[in-house]
Amino acid sequence: MAKSKEYIKSLINVLEGLETKNMYQNDFFHTWKESDDEIMAVFEVAEILRGLRENNISAKVFDSGLGISIFRDNSTRTRFSFASACNLLGLEVQDLDEKVSQIAHGETVRETANMISFMADVIGIRDDMYIGKGYTYMKTVSESVQEGYRDGVLEQRPTLVNLQCDIDHPTQVMADMLHIINEFGGIENLKGKKVAMTWAYSPSYGKPLSVPQGVIGLFTRFGMDVVLAHPEGYNVMSDVEEIATKNAAKSGGSFKKVNSMEEAFKDADIVYPKSWAPFAVMEERTRLVENGEFDALKDLEKKCLENNAKYKNWTCSEELMKTTKNGKALYLHCLPADITGVSCKEGEVDASVFDRYLVPLYKEASYKPYIIAAMIFLSKFKEPGKKLTELLERGKKRIN
Amino acid sequence: MAKSKEYIKSLINVLEGLETKNMYQNDFFHTWKESDDEIMAVFEVAEILRGLRENNISAKVFDSGLGISIFRDNSTRTRFSFASACNLLGLEVQDLDEKVSQIAHGETVRETANMISFMADVIGIRDDMYIGKGYTYMKTVSESVQEGYRDGVLEQRPTLVNLQCDIDHPTQVMADMLHIINEFGGIENLKGKKVAMTWAYSPSYGKPLSVPQGVIGLFTRFGMDVVLAHPEGYNVMSDVEEIATKNAAKSGGSFKKVNSMEEAFKDADIVYPKSWAPFAVMEERTRLVENGEFDALKDLEKKCLENNAKYKNWTCSEELMKTTKNGKALYLHCLPADITGVSCKEGEVDASVFDRYLVPLYKEASYKPYIIAAMIFLSKFKEPGKKLTELLERGKKRIN
Amino acid sequence: MAKSKEYIKSLINVLEGLETKNMYQNDFFHTWKESDDEIMAVFEVAEILRGLRENNISAKVFDSGLGISIFRDNSTRTRFSFASACNLLGLEVQDLDEKVSQIAHGETVRETANMISFMADVIGIRDDMYIGKGYTYMKTVSESVQEGYRDGVLEQRPTLVNLQCDIDHPTQVMADMLHIINEFGGIENLKGKKVAMTWAYSPSYGKPLSVPQGVIGLFTRFGMDVVLAHPEGYNVMSDVEEIATKNAAKSGGSFKKVNSMEEAFKDADIVYPKSWAPFAVMEERTRLVENGEFDALKDLEKKCLENNAKYKNWTCSEELMKTTKNGKALYLHCLPADITGVSCKEGEVDASVFDRYLVPLYKEASYKPYIIAAMIFLSKFKEPGKKLTELLERGKKRIN
C-alpha cells in the first residue's frame, strides 16, 4: 500500500532532525564510517524515495548526468539495483566493462578514473574478489577523481558508492536492515532481538566475506544481540569483529561468537545463514593470484572444498528453524541462495524453508535500489529534506 | 512526408472508438489473444506516435523508468527497435545479458524476474529458440512480476511485450501488416488480396517458426486469401493453423495450404518467402538439448540440412515473381534475408528481386519500433486517446 | 574556475560571427573538409557547453533520441566521451556491438545502418583498423541513412561523427588543439610556435596513423611551425602531408619533415611523441587480412616489431625534453601512453616526464566530450548561437 503524502512529510521531518552535512560531496564506503544520524538518514531518504514512487511522483533531480558502474565480477542484482537507483534520480548508467576481474595497479586506475568521469556524478563499484584489494581500489578511484575535480579536469566531483568490496557490502546490509525495521514495525522494536549471522555449507569456494562482515558491523548498532557462528577456521576479519564489539557495547546490545549453528539459531528472532570462505584462505588466494601461482591456486581450491564438505550439517533445515523464536525467525539472505535439492544437492537452506520466505526475501532485496538512491541523494544535496519537500510539493508525475 | 496535425487528430478519433480497456496493465503475447479492436488500436497508436515524431513533437510520457530487455538469442534489429520504442516514450533500456541461450527453470526465473524489475515498467523478451519453451518462459516471467506487484515487492506491474517466442512474433508481423495497410492505401483495400506465405530454401538450419505462424495467425483477420506453402514435412504448429482457419472464416477471407511455391505465388498480391525448420524437427531438437544428447543433435542438424537441400528450387526467383499479380507482388521479409549470390550461394531470394524491394523492405522494418511503442503505450494508459491528444496539444518539441 | 555568464555570452557573440550553415544536417569526417569558420565554431561551442555545465546549466536540447555508437575496435576513453557528449545533450547511447573487428561489405552495411537508425539523431563510429576501409565504411553508413531519410524510412537524418578512422581522428586532435589554445592563452598566441609531432618507440605493432595525420592536418592551420619526425620508412599518407603543406602555406606557418627526433624537439613549444605503424605496412596488413593470409600476417607483425626495435632511442626522455623551449615544451598524448618502466620496459616516454604532465594530459582529454557534443550540436541547429543563448537565459539547472 502506498505511503500517504502526510506520512512522507513526517519522514522528511525526521530527516531534517538528522545531521547529514558530512555526507554532502562525500563517498559511502563502510557503514561504520558513518554516524548514527547518517545511517538513519539513508533509511529515511530510502523510504521517502520509495513513497514518492508509490505515489507516482518523480524523484528526478538530475536533468542529465552519468552514473558509472564498475563491476569487477559478474552481477545481475546489484547491476540492476544501481541502474534503477540512477534512473530514479535521472542519471544514465554507463558501464565500464573490464573484461577480466583483475587486480588493478595505481597509475592505470588514476588515469582510467579520470577518463570515464568527465560527466560522472556518481561511480558505483563492486570489487569483492580479493582481500586487501577491493576497498583499496575504490579509495584510489575516489582520490583520483577528487584530484581531477580539484585540478579542473572534471566539472564535478563524482561521489562513490561501494556496491561491495572485500570488507563491507553496505548497500546489501542496509537493505537487509531496512527490511528488518519494517518487518518488526520500527527501529524501537529491535532492542534485545537475537540475530544469528551464521556460516552455512555450500558446494562452492571463495564466496566473499563482505556480507557477514557487513552484517555484524551494522546490526550491532541497534541494540540487538548479534551472534556470529561458524565452524572453526572460518573466521572473518578481526578488525570488523572489533567494530562489532564496540558497536554492541555502545548500542546496549551484544556481540558474541560461537562455533555452533544450533546455539546461534536457538531462540533467534532473525537468522542469516550464508556461506563464505575463511579470511586466511582469501588472503592466501590473493597472494597466489598476484604471484601467478595457478597450480597452488587449484590446490587451495581443492583443499577448501574438502574442508567445506566436513560441515554439510551447517544448513538451515526445517528442524533448525523450529528452534528459533516461536519457530518463526525472520530468514534473511542476500540471494542467490544455494538451496538443497534445487540449485545444488546439499546447500545453505532447505527448499521448504526458502520457499516459505520467498516474499519476504524479495522484499528484502527490493530495498536495495532505494538504499543506493538514498546514498547518491545524500551525497548530492546539502539540504536533502528541503529538496525532498520540493519534490513532494512539485508532485511531477513519473508516468505522465 | 509528415502527417498533418489534423490527420493525427483524425487517427485519435478512430482510436477513441475502439475498446482497449483490457490492454491496460496487460501483456502482449500473441496477436490472436487480442480482439480486432485491440489489434486496430495498436496500428492507430503506432501511426499516431510516428506522426508526432514526424512533427518533432515529444511522445515522452515517462519521466523515468526502465524498459528491461531479455534477449535469449543474438539480435540487432529487435534490440534497436525495442530501445527506440522505449526511448521514444521516456524509458531507459537495461539489458539482461544471459550469456548462453539456455532453457530456464521455474524458480530461478521467478527470482530473477523480480530482481530485475524494481523500477521496470516494461519487459521485452525474445526467446524463440526452443519449441514449447519461449512462450512458457515469458508467461512465468509475467506471473512472477504480477505476484511481485501484488505482494508489494514491486511498486508497479511491469507489462510484457513478446519480442518473438516459439509460437508468434507479434511485433514483426504487425509491422509487416501495417506496412501492407500503407502500401495498399488502407485496410479496406485488403479484402480478397492474395498473400503467399511460403517456405524458401536457406543453407541454414533451425530457423524459428514464429514468423510464418505469426503471419497466418494475423493476416487471416483482414479478409485476405492467405496461402501457406511449404515442402512436405515442413509443417508449422497445427494449433496456429486452426487459428488461421477460424480467422479466415470470420473475416470473409480464406486460408489454404499447398505444397507448391508456384501455386502460392500465382497471382499473389503479396509474397513472403522465408525459410523455417519443420515443427517436428524443432520439437526433437528441444528434446535433445534438454537431455544433453549433443551427438544426436549434430546428426539431426546434418539430416535437416540434407533435407533442406532437396528444395533449393523453393526460391523467390525473378521467374516466379513474374507469375504474381501483374508481376508486381509486394515482397516482404523480416530481414536479414539469405540472398542468392550475396549472403550465400543459393538462398531464399534472387539478388535482383531483393534489390528492387530494398526501400519497401526498410519501410516494413521501420514500423517495428512504433508497433512496440504502441503496445507499451496501450498497456500503460487507460485512456490512450486522451493521453495522445494531450501530447499533441502540448506540442513539446522533441528536438528543443 | 567556472566561466562567468558574461564570458559565455561573449563566446556566443564570437560564434554568431562565424558561418556554420553547411554544418547543419551534415557529418563531421575530417577537419580539412571544414572551413576555418567551422573549425572555430566547434571550439566556441565546446567552450560554451563546458561553461554551461560549470554553471550547472542544462544543455539538454533533445527531449529524447538516440546516439548510436559503433566501435569496431575496443575503446574505453572514446566510448565514455561519446556517451558523455550524448548525455549532455539529452541523447541516450545505444551501442552496436560488433563482436569482431571485421572489414564490412556494402549491402550489409546499408541494411544495418537503416535498421539501427529508426530513432537515431547521431551515429558515432570508430573504425581505424584497416587502411582504406574505416572512412569508406563511414561514408557508406552516411549515404545509407541519407537515402533512408529521403525514402521515408527514417523520420530524421542521423548525422555522423567520425570517432577515429584510418585517415583522421578529428575529435582527438581538436581536443588536443583546444587544450593548446587554452594553455597558450588564445589562438592569437600560436603564430610561430613550434610543434613536434614525432614517432616514438613502442613494443607494439599496428598502431593507427590517424593521430599523426590528424595533427599535421589540423595544427598547420594556426600559423605554427609543424615538424613531423619519424624514422625512415614510417611514412604517413602522402595525401595528408599535402594537405598539411597547403594549410601551412595558407596560415603563414610551416610544415617540415625530418628523420630525427632531436631535430624536431629542438626549441619546440609543443611535443607529441607517439608510436604508429608505417603506412605501407598498414596497407599490406589490410591486403593480407582481406585475403585471409594469416601466416603472412604473422610474418609481417614479426618483421615490424623487429624493425621498431631498431628505434628504441626514439623516446621522449628527460634529456630530450631539456632541449625544448626553456626545457618546458607542452607534452601531448592521446593516451594511453607506453611509459618506460611502467606499462612496458621501453616505451614512448620516460615515467618522470609523463608524471610531470599528468594534469595537463587529463585536461587535454577532458575537452573531447565537449568537442563531440559541439559537433553534434552544430549538425542539429541552424542557428547555434541563438539556441545557446536560449539555454543560457533559460538557466535550467542540471542538478535540480
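All chains are identified by letter, namely A, B and C, in their written order; residue positions are counted from 1 within each chain.
What we mean here is this: a contact is a pair of C-beta atoms (placed from the backbone, for glycine too) under 8 Å apart; a residue touches a chain by one contact, two chains touch by 3 or more.
No experiment lies behind these values; they were computed from the predicted model shown.
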According to the touch definition, list the chains common to the neighbour sets of chain A and chain C.
B
Across the interface between the identical copies chain A and chain B, with over half of residue numbers shared counting as same and under half as different, the residues used are different
Note: chain B sits from chain A at a C-alpha centroid distance in Å of 41
Multi-partner residues of chain C (at least 2 other chains):
60, 90, 92
Parts of chain C lying in touch with chain A, wherever the complex brings them together
1, 50, 53-54, 58-60, 76-77, 80-81, 83-84, 87-88, 90, 92-93, 335-336, 339, 342-343, 358-359, 362-363, 365-366, 368-369, 396-400
What part of chain A is in contact with chain C in the complex they form?
60-66, 90, 92, 94, 96, 107-108, 110-112, 114-116, 118-119, 121, 148, 151-155, 380
